[in-house]
Amino acid sequence: METVVINLLNGIAYGMVLFLIAAGLSVILGLMGIVHLAHGAIFIAGGFVGLTIVKGTGSFLLAVLVGAVTSGLVGLIIERGFLRLLHKQELEQVLVTFGFVYIIGNLILWIWGAWPRAAFVPSYFAGSIAIMGSYFPIHRFAVIAIGAAICLGLWWLQEKTRIGAIIRAGMDNAEMVSGLGINLTPINIGTFFLGSFIAGGGCVIGVQLFGSIAHNDGVNMLLTAIAVCIIGGVGSVQGALVGALLIGIIDNFGRVYFPVMAPWTMYLLLILVLMVRPSGLLGRKL
Amino acid sequence: MLYKKYKRHVFRFAPVIIIGLLLTTLPTFTDLAIIGLFTKILIFALLVMSLDLLVGYTGLMAFGHAAFFGIGAYTTGILIKHYDILSFWLSAPAGVLMAVLAACIFGVIALRVSAIYFLLITLALGQLVFELANTSLGKLGALTGGSDGLGGIPYPEIGFSFSFSPNSFYYFTWVTFIICALLLYWITKSPFGYSLQGIRESEVRARALGYNTWLYRYIAFIIAGLFSGIAGVLYVHYNGFISPEGVGMGASGLLWLMLIIGGSGTLWGGFIGSGIILSLQYFISGFTPQRWPLILGVCFVGVIMSYRGGIMPQLNILWKRISHDGSP
Amino acid sequence: MEVLRVEHLSQSFGGLSVLEDISFSIGASEKVALIGPNGAGKTTLFNVLTGFIPPKAGRIYLLGHDVTHMSSHRRISLGLSRSFQINTLFSHLSLLTNVLLAIQGVQATRYQLIRPITAYKGNFDKARELLELVDLWGERDSPVTALSHGQQRQVEIILALASKPRLLLLDEPSAGLTSGESGNLVRMVRNLMGDSTVFFCAHDLDLVFSLAERVVVLYYGQIVAQGTPEEIQNNPKVREIYLGTER
């Protein structure tokens, strides 16, 4: 029984990290119609920068911040420097982000080399708590707590603020929103930056769950984030959360009880959802 | 009078004929390395042309196309290496058949959704195949060799006491390419091919004229899978080795770059794109093999940002100007 | 012989009822017009008839077949055809290709994979016939988007006629046309209609009264009147809700 609880908690922790990367992808896709394929690479980039900061200064907090900001800036560069110029050309936008997958991945390889970077756990998150006879790392509790806090914050932004209302309206009908005199451009920029920021920070926070990160992990994370968006539904915080937790938990249980099938539990879930409910569990019809 | 009538046709096909002649006589004036390069170019040209059928003609943004290539390559490789099925006449059709089967299954899944979701799903399905190829667990891992890949695949065993050499395998690839390219060309010029284009332009209109648009897309998907599988089988014999890198998102991205540079919707764009990118890779890898993905990415972004038509449409326009003899 | 019979057809979006208990029928060779103010549900009815939207309730019979839940393309092969209110052409393809695809849409050869499309001379001749009717044969190689709006509108009608349909649905055929172009279109449709069965909706009352033998009036999703054009013109209810809105 303890193992089930521990696995559940592990799954939730993993799910929280997935949420942090998928939330940005989902809102960017829902609001701007951009399939941001480089999002996974941006996620990993934040992690690498963060781990380097930690190695240099020892401050985990600084690492998270700098990692998040770096990711945010990279995302901003891609959006302002390139995607903005391809306004309304959705396929071209996707392809450009695709090109950046190669660029960012190879830059990471160039700067940090091919060896994976080991994760870092700050002293205040070290150790484990005893739960029903088994041990669960405090750090993972922290991940769950931080993830939940960010999720709550984003949900509040989405549902309770004017900006959130504008974003939701923009997802349904961007032209109408502009027609009402609301300038969507700073909202778009902000959304893009925020999504990348949270992803980058999330990587530094959650890297302990992966043990290490390597330069080519970006693709894997991207695919998982895509799966989260499709399963949970695009365009809402709650959709990203549901999808992320579902994948996190199922993937974890899959690894423990059916290790041979492990890589594919996510894909099987994805295919199942697609066949039964293409718009996702909580999705808006795209 | 007759001359004038045929002059246009001759002009239209002249570049094809010239390139055809060059490629046919290639081994007589180049060395083995270049022969190898062109063998690879032809294989990838076929692969990109099959992608073009989906993208350029049907308007389907298929992002996981390398998966069928990989399935064809791995199936043939596994049969040869682990099951001692050495005869080309057995291993090759099996490889192609598996690719077609995968296309049949993936098509049903992916075509349930449209546009952007289709892109994501084909990407995910492509990665699924990557995971299958990359896993080192279980029987599958033992067969595929996991992340180390599958190697030691010799040239095809076609019997008749014939053994291939790089030169003769080049001709084998060349002939296969000609046959496949011709088939693809005929398909694009057929009623089916034009119907695909109609569906691409306006699905609503096509349905309102009596076209079962889902079925057309499905058939196109399977045809593309078929030719990808053929390319995969050729590749595993050419390269002797196949690894998961040849199957996943990176590989599919490479195909898209070739398609963009050569020009989609033109079929021959696939050949040009393949030629340019692989030649570039050949020369650059001589200097900085580690930076190749970076250069590739920069090329990708650069081409998209500046100009999306690709080279083929520009060449077409240029050629029309040169061969224009006053008649419309 | 009944070409179309609609029984108790209903459709709603969300909570909004768009079509309510619609029942009518159209006999062979009849020319029937559907009129009603904006938002009455005319295009929705057309979408349901052609199979782009399934109805919430009711049945549709085309030439005796129950097509209520049949897919669009199968209804077309039964003999239905439709033009759209907004030009829905194969944008980047040539005019000739557009017409060929329309002719081919009900033929088995549309699945032919290997023989080139140029091998089907019969279709080319048919295309030529159709295009010459509207004087556009000379433009056959132009991309269809290079034509003027009025010409594209004519093409829109031509495409619907190409399959020699048993029942032709025309959705606002003169939408967006100047009165001159509209007159041309009326003439063209009248010449081409022959004795096919036509069901069209229009705002242009000249079009209605010069083409229709029978008029059906739709108002907020319900049929409020049916009859000959004269009867409808004199119907006080109709005057009040539609014809009488000019103050």
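Couple of notes before you dig in:
When the chains are written out, they are named A, B and C in that same order, and each has its own residue count from 1.
By definition in this document, a residue touches a chain if its C-beta (ideal position, glycine included) is under 8 Å from a C-beta of that chain, and two chains touch if they have at least 3 such contacts.
All values derive from a computational prediction rather than experimental measurement.
Taken as a graph of touching chains, this assembly forms an open line, each chain in contact only with its neighbours along the path. The chain with its Cα centroid farthest from the Cα centroid of chain A is C.
Nearest to the global CA centroid, when each chain is reduced to the mean of its CA atoms, is chain B. Distance from the chain A centre to the chain C centre is 49 Å, each centre being the mean of its Cα atoms.
Distance from the chain B centre to the chain C centre is 42 Å, each centre being the mean of its Cα atoms. The centroid of the Cα atoms in chain A and the matching centroid in chain B are 33 Å apart. Within chain C, no positions touching two or more other chains are listed. On the chain B side of its complex with chain A, the touching residues are 61, 109, 112-113, 116-117, 119-121, 123-125, 127-128, 131-132, 134-135, 137-138, 248-250, 253, 256-257, 260, 290-291, 293-294, 296-301, 304-305, 308. Residues of chain B touching chain C in their complex: 183, 186-187, 189-195, 197-198, 201-202, 204-213, 328. Contacts from chain A toward chain B in the complex involve residues 29, 33, 35, 82, 85-86, 90-92, 94-96, 98-107, 109-110, 219, 222-223, 226-227, 229-230, 259-260, 262-264, 267, 270-271, 274-275, 278, 286. Note for the complex: chain C touches chain B at residues 50, 52, 71-74, 76-77, 81-82, 84, 88-93, 97-98, 100-102, 104-106, 109-118, 120, 141, 159, 162-163.
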